[in-house]
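These notes are about the structure you will find just below.
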Amino acid sequence: MTLTEQQQVSYIASQAAEARVRFELETEGMTLNIGPQHPATHGTLRIVCRLDGEQVVWADPVCGYMHRGYEKLVEARKYQQVTTLINRIDWLGHFANEVPFILAVERLYEVEAPERAQWLRTIFFEMARIANITLFLGDMGVQLGAITPVFYAFRDREHVLNLMEAVTGGRFHPNFDRVGGLKDDLPKGWGDETKAVMRKVEEFCDQMENLLVGNEIFEKRTRGIGVVPQKVALEYGLSGANLRSTGVDWDIRRDEPSPLAWKHADWKVITHTAGDSFARYWVRLQETREAAKIVTQLIDGLPSGPIMAKMPARLRVPKGEAWVHTENPLGEMGYYVVSDGGPSGPFRCKIRTPSFNNISILPWLLRGTYVPDVVAILASLYFILGDIDR
Amino acid sequence: MSLGGSLLALAYWQETLLRVLGVLLAVILPAGGFVYLFLFKMMSRMQSRLGPMEAGPYGSLQLLAEVGKFLQKEDLAPEGADRRLFKMAPYIVLISVLLVYVAVPFGPDAWFTDLDSGIFYILAVSSLSVLGILVAGWASANKYSLTGGIRAAGQLIAYEIPMVLAVVGVVIQAGTLNLQQIVRAQAEGEIFGFGAFGNPFILTQFVGFVLFMIAMQAELTQAPFDMPIAESEIVTGYMTEYTGMRFLLFFIGEFATAGAFSAVVATLFLGGWYLPGLSLDANYMNIVGPLILFGKMLLVAFFIFWIRFTYPRFREDQLQSFAWKALIPISLVNILVTGILKVVF
Amino acid sequence: MGLVEKGWVPKPLTKVLNTARKYSLWVYQWGLACCAIEMGAAFGSPRYDVMRLGVIPFPASARQADLVVISGTVTDKMAVPIRRLYEQMPEPKYVISMGSCANCGGPYWDSYSVTKGVDQLIPVDVYVPGCPPRPEALLEGIVLLQKMIQGEDMVDRWTKGDEQGVAQLTAREPNPGRATGGSAKSNEPVVVGAASRGERNQSPVR
Amino acid sequence: MSDTPSDAPAETEEAAQPAGPPPDPEREALLEALRADLGDALLDAQIIPEDLVIRVDRTAWRRVAETLKIRHGFEYFCFLSGIDWLKSPELETRYEQVYGAIEGEEAASDGDPSPFLGDRVGGGDGRFTVFLRLQNLRTKLGITVKADLDDANPAVETLIAVFRGADWHERETWEMFGFDFTGHPALRHIYLPTEFEGFPLRKDFPLLARAVKPWPGLVDKEPIPGEDEEEEANA
């Protein structure tokens, strides 16, 4: 079902208008508080919905139940201490959070990590993506009522976590990235094992495709639900799979010069034109496959050499400002780091998290939908609470 | 069971007591068995886990632990709830299940009551549970409960119709509403002159069977029709505010209803307590019959729970349009074709 | 309806009842932060499979839960919902505080919006340290909790404990849906891993 | 490193880097086009590696956003936030103030008498800066737009009409910095409880926990390998 953009806009506008008219003319609606402890909200998001029957007249997401004050805390930490914290922003994409910050500091410090470190960073980055999105692929099923896929997701995620643990010592929150390189090199035999696991990941994707994508009920529940037109997506700053599912062909990994090693692998940017929940699921599913492909290729071509540039123990980052963003599992994540040239940490660090923008579209998107669709839309937008609230 | 005057000389109250105990047993055994076998073990197996293992060998005493625990829980009713209705609702649901079992035959003489219009009675009392659910949803003073209750009412009423219509085909073919007679019709029937294994109506009424299974899935509020208790949408629907014993009644009621309906399916479509090759009137069938029926019930329940653990759920409006636009027309056509064939052959 | 509401349990029954409670811990399906993922792994992953122990992660409503795992950072804004969640759970109820954040604030010890320790809000039975704790650690926490339940004296718990809470229950107040107060804990909180170091029953450093 | 136009009031010292970053013709061209379009509103601009930072007049804030979106194809709204340039007065949030300055390294203050941090990318010298990040998805170029706000009464026009996504970002910035966005329909708290007082990301907002007790990690601090053994005394 491919709609033109104009059809999408007019469809949504008509739905919203209809809901508004009904609300104004007839019934006294019901205010439903979804959350902050509700199974659909992945933790602690709260959505205040005004309902007419089961139709949402307006919805107001209330976030902040997981606000931990990252931007302030980062100012009170040294550069080396910051990675510990920012690991926990998007707690499923652990390593991927560290990379843009470290790259920003490296740019300020005018140092580049050695080639091998950049390749390894890319490998871990993509593995973080797999560990993150596999859970989404299963969780989407749970939100729509199929309880089994999430158990498969947890099962196959373990393999990836084991590999991360073998290298970094932590199942997640590795805190492994350093300014100027990585903490350690790979253990023996890690590459072969990883390649075997990547095959398992691809099998898992096939399994999900069999379980959910072909399923009539799943398609009925997701196709044409939560349609985001391209223009609106751009205005709200949606990123990642949410943006690519609307037909925007933009992937920071490919489109921006980066010291990381994506340019050495052969992979595709996946897009979809529908912009609905199904497209978002589908794009993420294919992206997981691509990530597995990238990891396999990079392990094959991994250069040898040092993994750490020569760095002093006390980091004194020169005065300056740098913005580095990467294509994280959830979307565009970036750090605007301001350094005052002193011996302590960043003077100011604006953390641009993808989920915050992705969720800010909700008041617009939920108007005129039904309560079950709210769940489908929330699940398909895929947010992590820590990533919204920071 | 129907130990009626013939076998033992019992006073009326003694017989009644026996029957009540028998129904309770017939409800609780399959319900408990289903919870352990399907909810704990089969679901875990499907999800490549083990399920409960610690309580008893292979976790077989898990259910007893559950009951013991729920007995100890605090019995809460929310502020603003209609307390009398709130406390009553689980019993309504359970009673409707108990009443269904009354008319199911377990053997040539093993039945609680042998109603002439048995299937009609079963369909009627099984819809009583809607009332309990609606009451639970309304009395909880909770928006999620209310939504769940209303969803359940809409859904159960809509799916009553295809269910009844699917049964009509069987009734036409058997020529009776009596469940005992329907079992006999299947045992003694023959398909185009071939009568070695009788005529289980699953073969000749396959469309009716499928329709009945779908409608039953909806009546049981199992996925893909589990909107009334949709966990990710409305928490647990009408059960949201229930604690302790009353929740246990709902919980057991859910599985007991599954047991009751699978007994009905086994009777209507799978030949009931009879297996080809056995004697239809022998006395030993009063012992073997219930076991055969239980085996068939497990088979049916396996399908119910298999689907439940696999499929995502519909949306409320999709569910309604599925019932009215697909199931009901098909079941009408089924009745028409069955009627024509009945007249022709 | 429950037996315990009378505030009196026959002594011989205690063991049976404790065993029943021990093997049927319905745990509330709800996570807060990073630890929720490890909790999910413990609940959902075949490698850990907490259901073996009789911990059943079915209930989506606090009313049916016996156990809640506070898995992650508790912010000041979340404090009120957590307190309410705890009060919605029917007695007997148990709390596991999972992860450094829930234990004491963890890496957010100096944040302006984080509550330093969930035990300021609700009584905690078992502390599981780690950031985040591995699923095995949570499993050990659950086993410790089960041991604690096995040794629990229901009469003690319901008569000598928190006066207000028990009084409310025994008097069959028309509105037990409201708070039952802080529940009386017959045992001191347990810290996972403390036993092996020979420091049983010590509260974690706050 | 492109020099600023002659009308730029801010003093810059970027000429101190003779080697400079490699030339960036794409961004140079974009900057020229912006100069032509924005005129006086563009106060200053600087090209840093992989990025273009412009500083505009706060009265032209919305017009700049509109121009960038409509005429230059910056359709993708990335984020909007603020910076407080105050060198932390009590400095209890800063590392060296709590643990003492590290020997051999002077503290952050560089002898600059101004209470605010100087030498910013894109110039400027006020206390508050609001900044906005946009992206052009066709040319794949990003731009950072800064505007200095009034120290006493930081306020700027809202961008909701230009980018709908600015809504939440402005609420966040208001909550964290206390910037007023005139024309914003509902500047409500987004993260913090309604009764929260103060603006946490302002530099003069203290982290009380830090003021009350020292960093708990200090107790069992390990000496950094390769560092002198001076730290061991603390352990």
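By written order: A, B, C and D. Residues from 1 in each chain.
The criterion applied here is as follows: a residue touches a chain if its C-beta (ideal position, glycine included) is under 8 Å from a C-beta of that chain, and two chains touch if they have at least 3 such contacts.
Quick caveat, the model's predicted, so the values are computed rather than measured.
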Which chain's mean C-alpha position is nearest the mean C-alpha position of the whole protein set?
A
Farthest from subunit C in C-alpha centre terms, which chain would that be?
D
Give the chain pair, either C-D or A-B, that is connected by more C-beta contacts.
A-B
Subunit C-subunit D separation of Cα centroids, rounded to whole Å
44
Quick check: how many Å separate the C-alpha centres of subunit A and subunit D?
25
Using mean C-alpha positions as chain centres, tell me how far subunit B is from subunit C in Å, no decimals.
37
Give the residues of subunit A touching no fewer than two other chains, as numbers and ranges.
39, 64, 67, 69, 72-73, 76, 151, 155
So which bits of subunit B are touching at least two other chains?
47-49, 231-232, 235
Overlap residues in subunit D, where contacts from two or more other chains coincide:
191-193, 200, 205, 207, 210
Could you list each pair of chains that touch, in label order?
A-B, A-C, A-D, B-C, C-D
Contact set on subunit C toward subunit D in their complex
76-77, 109-113, 116
Once bound in the complex, which stretches of subunit A touch subunit B?
30, 32, 38-40, 54, 141-148, 151-152, 155, 211-212, 215, 217-218, 220-221, 370-375, 379
Could you pull out which subunit D residues touch subunit C in their complex?
191-193, 200, 205, 207-210, 216
Can you list the residues on subunit C that touch subunit A in the complex?
29-34, 36-38, 40-41, 44-47, 60, 62, 72-73, 75, 77-78, 81, 85, 107-108, 110-114, 131-132, 134
Please name which positions on subunit A make contact with subunit C in the complex.
36-37, 39, 42-44, 64-69, 72-73, 76, 84-85, 88, 91-92, 135, 150-151, 154-155, 157-158, 171-173, 385-386
